[in-house]
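Quick one: structure below, then a few questions.
A, B and C are the chain letters, set down in written order, and residue numbers restart from 1 in every chain.
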């Protein structure tokens, strides 16, 4: 599964992995904003941005081909609109749309591929994201794997009991709803179990996070360098 | 010798009226390891959940000389370290270190102290290499050890384990036995595995329909209630010629 | 329905970010005040459930299958504000981890699906959720939640100047309506299955809500409805509006934006950026103020 790969990538050890998540998030935002505001005819800017991205991927030690492949998940959407725009006469816009959306997806992959999600969430929290939201996201991510595996098992079980599809559509619909109901109930009771485990370890009603992020000089250098380069290229 | 846990006349009823515990008396002395046997649904888990106040019934419970009540809950919960049957419910933090540090942070440690205690506990269970890992990446045995570290980090005097052998393979089980043997705390172990119990327990108790009906050495209880997995009769064993 | 980056024009995604940030902050503060952190694991697990649920196929016809989006289901089970919070977290994870939806477009996607979608889905449930018409209310809620978020997304894309000929727009709306019907069917089927499995589960998880939430829900439905009508009736009209307001991006940044320019900087991009930033801060401030005002009204 996709998130499992990303999780593995984020456990590497490169200069990019070692940067504080806040620096990486801010650099990503600069990249995305620069990209978003680049006019459709600025091919050189786009080219330089793409090169910078590839350099980043190589420095991070991430598998280049694999990452570029995964970034294609955005293509169905952008190609559709690209084709529509092209046919409506706005050709430059169509091309730019596809290029930019692809580069954006790749940039996000680079950052998330070099930062574990808990670290990313810590960074966001320190940058002002609401605490409750970050905690909920943290729990979603923790149980995402577990519960999706349960869902997969249910799908397999249902598939192996498949009869002739034409005659059982309503039954299969009901069965899928039933499967979700079971998944819901199990999830609800799982939350109950988690609550007990929290109480047993003297939970006070408020999560105390370790959050040991430290913004170092090297992080500042990285951020300033990346931002300056990107803005200069754009303003060019 | 003051008992670590003293329970007198514990009663508990579910919302729908079924009696889960029907007058349970129990004592745990220092140094003991007690095995809790009984059929599924006989009240073993319900019983232990009363010891640290997760469930509240009628009766008296005293832990380490403190009567169980609202004010003494945090202290009691630091004295009793409970390892639940489902490790995925117990390890709810994003990384191993975050999870093991959860207890100490709740008890008032600073993040720095909590990390220190967590690392020491992980060391004790042999999982120090995994501190940055996500629980998803661990095997059942590793998760169980991390769960144990999570309670050891709180420096408890009593360990309660609910069917700790579940999902463990034979090496995992024997690792767990060795690990538990090395820990000085008094222990309460809910289990169906009589060999596991025999290896660790100094005494056993038997639950039946919410009542504690017997108490004694492990072998005696096992014998008396015929509490073992029976050997399969010869004609049920797999045979290549057998047809269903 | 998750809009990727580079589809919306800068003023559009930026203003939606400016709207969503205080809205989410308000939701989080409200959730943090009512319930201490105790409910967080439940919200998280429910979010993971919705994620997993989105993977399950519901056969709906000739070889096609539908999937649950989950906004209305969450609103039904958790109440509108927690549901919106959970959906926000889900959308954020989808954007970062799965590249489903853009990062800059997070404000737009959160607004469409987590705020407007959830609130629109909640409205019928609020009024008829405890009456005999409960099933219809839940179906209607699920239907409205998908229609609202999809119409808003479409409207935003059109205002941004994405070229879409009329037949494409009508086709999209038809597809949205079908997805909305499917969402209704799935949601009601799942709720009924849960009730059959464990009746206590549904009663336990339904709280009631205050007037501000209801008002916002009505607004969400109207917004979605307006978006729908606008999109279907005069697609060219929307694009005209977009160009006139300077919201639409044409090839090479266009003159309208220069009207808002601040004269201090040499580079025109920096000039526009700072103009945009000033505008953003203004919108942000207004939303923040409105949010605080609403918050004070509620606690009064």
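Simple rule for what comes next: a contact is a pair of C-beta atoms (placed from the backbone, for glycine too) under 8 Å apart; a residue touches a chain by one contact, two chains touch by 3 or more.
This is a predicted model, so every value here is computed, not measured.
Going only through chains that touch each other, how many steps at minimum separate subunit A from subunit B?
The fewest touching-chain steps linking subunit A to subunit B number 1.
If we define chain centres by averaging CA atoms, which chain lands farthest from subunit C? Would you check?
When every chain centre is compared against subunit C, the largest gap points to B.
Which chain's mean C-alpha position is nearest the mean C-alpha position of the whole protein set?
That would be chain A.
Just how far, in Å, is the C-alpha centre of subunit B from the one of subunit A?
38
Which whole number of Å gives the spacing of the CA centres of subunit A and subunit C?
19
Quick one: subunit B and subunit C, Cα centre-to-centre, how many Å?
Roughly 45 Å separates the two chain centres.
Which subunit C residues reach two or more other chains?
If we look for residues of subunit C contacting two or more partner chains, we find 41.
Among the residues of subunit A, which are close enough to touch at least two other chains?
Expected reply: 117, 138-139, 141-142, 146, 190, 194, 198, 203.
In subunit B, what residues contact two or more other chains?
92 - these are the residues of subunit B that touch more than one other chain.
Note which residues of subunit A are touching subunit C in the complex, please.
Residues in contact with subunit C: 2-3, 6, 28-29, 32-33, 35-37, 39-41, 70-71, 73-74, 77-78, 81, 84-85, 87-90, 92-93, 96-97, 100-101, 104-105, 108-109, 112, 117, 120, 130-133, 135-144, 146-148, 150-152, 154-155, 165, 169, 172-174, 176-185, 187-188, 190-191, 194-195, 198, 203, 205-207, 234-235.
Once bound in the complex, which stretches of subunit A touch subunit B?
Subunit A reaches subunit B through residues 7, 11, 116-118, 121, 138-139, 141-142, 145-146, 190, 193-194, 196-204, 208-212.
Taking the touch rule as given, give the residues of subunit B at its contact with subunit A in the complex, in rising order.
Touching subunit A: residues 49, 52-54, 73-74, 77-78, 80, 82, 84, 86, 88-90, 92-95, 97-98, 101-103, 105-107, 111, 114-115, 132, 134-136, 150-151, 154 of subunit B.
Over in the complex, which subunit C residues touch subunit A? Could you list them?
Within the complex, subunit C touches subunit A at residues 4-7, 10, 13, 24-25, 28-29, 31-32, 36-38, 40-49, 51-53, 55-61, 68, 77, 85-86, 88-90, 92-93, 95-100, 102-104, 162-165, 168, 185-186, 189-190, 192-194, 196-198, 201, 250-253, 267, 269-270, 273.
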